[in-house]
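Structures follow.
The same chain A turns up in both complexes below, where it pairs with chain B and then with chain C.
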Partner chain A sequence: MRLNPLTVRKLRRFREIRRGYYSFIILVVLLAISAVSELIINDRALAVRYQGEWSFPTYGPVELGSVYGLEGSAGRTPVDYRELQAHFEAQGGDDRVIMPLIPWGPYYNDAIGGILRAEPPDFQRGHYLGTDTTGRDILARLVYGFRTAMLFALAFTALTYLIGVAIGCAMGYFGGLFDLLFQRIIEIWSNVPFLYMVIIIFSVIPATFSVGARVTILLLIMVLFSWTGLTYYMRTATYKEKARDYAAAAQVLGASTPRIIFRHILPNTVATMVTFVPFTVVGAITAITALDFLGFGLPPPTPSIGEMLKQGTANLTTAPWIVSSAFAALVIILLLVTFIGEAVREAFDPRQFTLYK
Partner chain B sequence: MPRPSIATALPALLALLLLSTGCGGDRDAMDSGALEERRAMARAAMEEHFANQPSMTPSLREAFERGEITQEEIDAMAAAGELEPFFVFATPDDIPDGLDWQDGSDLPEFASPDAQKGGTWYTAIQDFPRTLRRVGPDANSAFRPFILDDVVMSFGNRHPEDISIVDGNFRYYPGIAESWAEDRANRTVYVRINPAARWSDGERITADDLLFMFYFFQSPWINDPWYNNFYSRNYVRVVRYDDLTFSVTLPEAKPDMLGRVLNLEPLPAHFFDEFGPDFVDRYQWRFVPTSGAYVVRDQDVRRGRSIALTRNEDWWAKDLPFWRNRFNYDRVHFSVIRDTAKRFESFRAGEIDAFGLNLPDYFYDRLPDDDPLVANGLVAKYTFYNERPRPTYGFWINSSRPLLDNRDIREGLHYASNWERVLREYFRGDYTRMHTTADGYGEFTHPDIRAREFDVDKALEAFARAGFTERDNDGVLVNERGQRLAFTLTTGYENLQDILTIMQREALRAGVNFRIEVLDGTAAWKKVQEKQHDIQFVAFNVSPEMYPRYWETYHSVNAYDRAFLPDGSPNPDRRPKAQTNNLQVIANRELDDLIERYRASERADEMRELAFRMEEILYEDASFIPGFVMPFYRVAAWRWARWPEHFDVRISRDPLQYWLGWIEPGKREQVLAARRSGESFDPIIEVHDRYRPD
Partner chain C sequence: MTVPLLELRDLATHFPVRGGVLLRARGTNRAVDGVSLTLDRGKTLGLVGESGCGKSTLGKTVVRLLAPTSGQILFEGQDISKLSRRRLKPLRRELQMVFQDPAESLNSRHTVGNLIEEPLIIHRVGTAAERLARVHELLELVGLPASAAERFPFEFSGGQRQRISIARAIALGPRLLVCDEPVSALDVSIQSQILNLLLHLQQELGLGYLFIAHDLAVVRHVSDTIAVMYLGRIMEYADADGLLARPRHPYTRALISAIPSPDPNRRSRRTVLEGDVPSPIDPPSGCPFHTRCPHAEARCRSERPALRQVARDGATDHLVACHFDL
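Right after this comes the complex of A and B.
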């Protein structure tokens, strides 16, 4: 793919802004890790060697104990791989279980000392950030919660941009009645209180919906009420570009409307729009965290940073490690994204490339 | 007798969004002429009701409930004079001779003679009450005990320490009544009102107030069907003999018939002289004059922020035996603090005087015995074992739902619910398992039924009987038609949701997927009242009655509109009936029959036998998974709070129920000064286990 020399310059400029560039790399690495977090933080084994055969249960269906020769009720229930590991070790044969680096899942209730309660970080047991009030590993919940939040934020950003850019561009390009109509619609629409709408709509969604479906619905509701913000920027940018000579020239040469929009106007407005992306991502992460904190987000026991913040504030004095972990995680993510945003804004700042000095 | 409330989540109540409720007082706007007219109208309506209200026999009422007879037909019968009148005006000469008048004076008093009056008790509520009415919409709130249940006097009260049953009755000590007599043969209780009894506004309490109470609770204007039903169904006649003497006749001479009359609470007729169709708005923020020790003054109602009770210095019963040495605080101040964690911090700061420690993490982790406040003796920790009917915490399965209508699946769900783990690891062994639907009723509780314990094998066996043998990729059982064993588990108890997440993981071992749904309290209650739930984690608060109620929760008239066709077979078009307490949607002819016999029975031993048989049927039906029982209550209180030697009475549920505590004068300042200077006292950590079960 041949990049526009201007874009290449912008990218080079972005790379030169160290803070933003490294933040970007860190975030990408974190995302990459979280994409395969099942292999790193999980209570399902990476690999099991049983009777000379290796199996890799991480992404497969739930296995019952009978698969590994367990008898009685252990054979009829899903395998607890840590117990299986202990069982194989006790037998002393060739059979073995390889657990992930951190052998805790986000849902596993670990009753240390026979009691389910928040326990401080315990390196020996592998709870590096401690456990929450029902003995679940905080690191595991953070990682899985981070993944959900990031996926959510990226999907949210993509969708709001799709709608916002399309409508904004159409408003700017066609102008006239269409513009007028949509301006009024947007004015009305953006006055609907978004949080109340989420609460109201969520309260009527039947609980029979799966977690995935609920997340999707939440996403769609949020997109529905968030695309309006972008249209005005896009509309202005389009107006501006459309009035430029090159657009008129293209028109005179007989270019079709789609060609003018997609080949000439859109690429020239991208610079403006790109600078908003990281801040949209920040907004989405904050929104889903806030909704979870208020109890209107993902249903329990889905891991989420907001839910952890809520738990942490309720146990501020007795289990400070919950809130500090969640808070630190949230601050780091938001900082990284904000740094990226700053760098993008600077790198894409048109004043750097303008001929008018 | 107030309507039973939904049990609130353990240490405190549920957070509800507080909506400001409009004030309905257009009273000032009314000129005095209009007001006079209004009063005349209210009086006329009452007199008409007194003249015309018919008394329905139990069989007639049951036929009406089943839809076999219409309201029009009943009205026609009443007009034709076929029904007895409900209200009767007689003369003192009509009181039969030879009645055995009693006054409970042989019972011991239970308040501490050391108690001292004075001081302010600071406490917190989660929500500001939405009304000062005691009935009607929004009245059944967490504040109601303080303006009704725990403060207002009834004619007589059950003795809270002596729980023996003598001649088929609990022991009663006098309240507004001076004496009473029971005529079992005629199912009637005669009551003489104490001539000294006064409302808090100084008016006398008379038999007219009792008659008014029946009129009021039977009236549709209060907008509260529970009262309408209760006060027409459970009483058949009221006779006024003179200002201070009346009798009440019951449809059946139940073993506790004395209590059913003595527990009545008269209402001040003179205060409700504007009673009419707009009652709900008109009386929204008017404090009802009370027979009890505490009043709410207008200036203490600070909407959304705080409310206070003030002790009535001229309370008529302040030196009355059984009532003296109680209600000792001069003022009780309630601040609104929504968040439990914040309420706890407020308590630690000394801004509120006591805090419930029922949840283990508060008792063991947040206020451990070695916490400086406790170790230095500034704050005392009390555990009090009580003996009373237990709130029914458990899983209520809606047996009208697909899959859940299969008994094998319900039984499997019992075995898949790991309450044992929750009790052991989450409640740390402090709570015990509930076994029947009615634990804590003494000899009326089935002695042998044991709740099914968690057992994966038995669960899988039961599910296999229902055709669920294969597991899908998530480990959830599926049947041949591809249906998954997945159910929504709803609760309104936000601070108990951890229990559900633990249960969810455990149930997955047995191949069941619980989808957890945590709603706010009101929404959860609405859902279950509309029978929209699969499985609900909820509890009914039960009052210390002699025997459990079965009709409300298990009779088929409360399950479906028309549960059965005339030939006795299930009605194929039946729909679950909303707004009833039959949360399991049970419709069982045999059970109906037993409930009706239980309702009509007048002998304790027969009722007990019937209750046991009903419990056995319910155990077989397996649509209620009994949860846990808390055999005590725990509370932390600042050192200035003083309590009787044994802390509280046997059937109490919290320290402000019987109002036995007091504040040691001058101690508050001393304790707070000691806290600043780092001085310490002997720690107080007390366990009162006189009533601990073995």
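Right after this comes the complex of A and C.
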């Protein structure tokens, strides 16, 4: 299998555009870190040695305190590994707890002195960016929020492309009445106000729905209102490619319609479609952040940048570290993806030289 | 009397001209309008005419890229003009096409090997190993090294690319090849190489060609018989030598006078046609050529001349669509 030299050239050009290439590497590293963030930022221990036996509770089921010989109320509730660590150290035996680098989870309310409130950055305690208004570690919430947002954005992009490319391609390939009909449907559909639909739908779905179900519904609503934009590009690209002689040649050879579409036309439209991917991701991150900010996005207590921005702006004078961290994180993510998008677009540009740089 | 390889009977391909909000048909483009032609096995029928005379449309109709409006396409005696796509598929093995521009007709996403193998895959010929061997055999047949299979079409020159597209067209062992201006996109120096390749393949494989070109000099080189087309109709049909030696139709004469002569001493009397080809949407009444014909008379404007036999050159009738014996 030999890579198409045209593809190789595009990849090389992408690598040559430093800003985009390094952004891509940084983003991939961030994604890799966030994929295993349970091992780095977590309130559950990496490893516990109790009575000579090692256990690794990171990904396992919730453990009760009694497992490690805690008594009283601490034995009947899920283990607080930091307290367990302190407990083992006080005992001074062979038992020990190894905590992750940042020993705070995104849902853990750290009530310093028994009060839940926003604490400024505290390196001693391990709250490197401080806590939010309910005492949750901001860094932990940012990292988990980034993971959720990226997963959401990538799933959104994949689904949007699936629908947009399929319908756009069908419109361009079959043309005629089908095309005419779908164009009108798309024109009507894209005029339905998306935000109102989200508000209306979320006001009627029962509160008993799980977080996962709510996120899925939100994802589907967003996809349902976003695929239309892609069909325009896909439709024209297909129209253009279909009229070329290689499509006619395939037809003369006796190729079936699916074969012509999937083996001949779609591969030739990839270049057009790929350039939009990073910008679709940016759009999705912005949209989910905006919805979270308005309170119609991911249901609480899911960590999210939008929700943090909302808290931060409400406590701008009393806890400025909330909004500044969230804002910085959002800007960095959007910049990285935009730089990648810029580089992809330039790498796929058929022109040899551009004034774009 | 044997059945001819290809016989067209009063073939017409019209396109509706649509306009307005509801895309109603407002007129008809008579791209091909009543063409009857015959091509025997292993022979070459040259089809010449200016741009827009409908010769490419005719070629595309013969391979059923376009559906004919009326008339019949008899391929080895079987009418294929109304066959469905599924019924046509087995006939695709027999009936192939070479396009004008190989840069367009070869998909640059696939390797040359994949492109030539594609017809074999579509028609489920052989195993993967057998197909690969066939690809190499075909590449050598058209004068390319077997190693070309791993490369991509844009890594080749125009002439080599046309060889690739010919290799793909003959992969299934067809009996009729429609060549739609196969050398027009190539350098003059390459043209003769491709023409010789086509002639060589014809001898080797017994192919019949429907050879479409706008250049009489090219057509003369490869054809047994020549049909001259103008505004969707056949103006003159004859044996290749007979047509060039004794053209009967004023349009044919104009085309022949446009062939450049290598003899600097020959005093050419060029008949330069005035004006453009009239629109096939609203063709002239009577003889379609009367608007540009130097011999046109009142009769030509009202009465359309039928294609009639004026002579016989060997085994071929010499047919002309003109009222006069010029």
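In the analysis below, the second predicted complex is superposed on the first by the 347 of 357 C-alpha atoms of A that agree within 3 Å, B and C clash if a C-alpha of one lies under 4 Å from a C-alpha of the other, contacts with A are read in each partner's own complex, and residues count from 1 in each chain.
The rule we apply is simple: a contact is a pair of C-beta atoms (placed from the backbone, for glycine too) under 8 Å apart; a residue touches a chain by one contact, two chains touch by 3 or more.
These numbers come from a predicted model, not from an experiment.
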| item | value |
| --- | --- |
| Combined model on chain A where chain B meets chain C, clash or fit | fit |
| Touching partner for A:Ala255 - first (chain B), second (chain C), both, neither | second |
| Chain B versus chain C as contact partner of A:Ser324, first or second or both or neither | neither |
| Contacts of A:Ser203 with chain B and chain C, given as first, second, both or neither | first |
| Residues of chain A touched, compared between chain B and chain C (which is higher) | B |
| Included angle at chain A between vectors to chain C and chain B, based on C-alpha centres and rounded to the nearest 10 degrees | 130 |
| Contacts of A:Asn268 with chain B and chain C, given as first, second, both or neither | second |
| Contacts of A:Asp245 with chain B and chain C, given as first, second, both or neither | second |
| First, second, both or neither for A:Thr236, with chain B first and chain C second | neither |
| Lowest C-alpha to C-alpha distance for chain C against chain B (Å) | 41 |
| Touch list for chain A against partner chain C, complex | 2, 4-6, 244-246, 248-256, 259, 263-264, 267-268 |
| Touching residues (chain side chain A, partner chain B) in the complex | 60-62, 64, 72-73, 76-78, 107-109, 111, 114-118, 133-135, 203, 206-208, 295, 299-301, 313-318 |
| Interfacial residue positions of chain B with respect to chain A in the complex | 339-341, 361, 365-366, 424-426, 428, 455-457, 460, 471-475, 486, 488, 490, 494, 497-498, 500-502, 504-505, 508-510, 515-519, 523 |
| Footprint of chain A on chain C - complex, ascending | 60, 63, 65, 88-89, 92-93, 96-97, 99-101, 104-111, 118-119, 122-123, 150, 152, 154-155, 165, 168 |
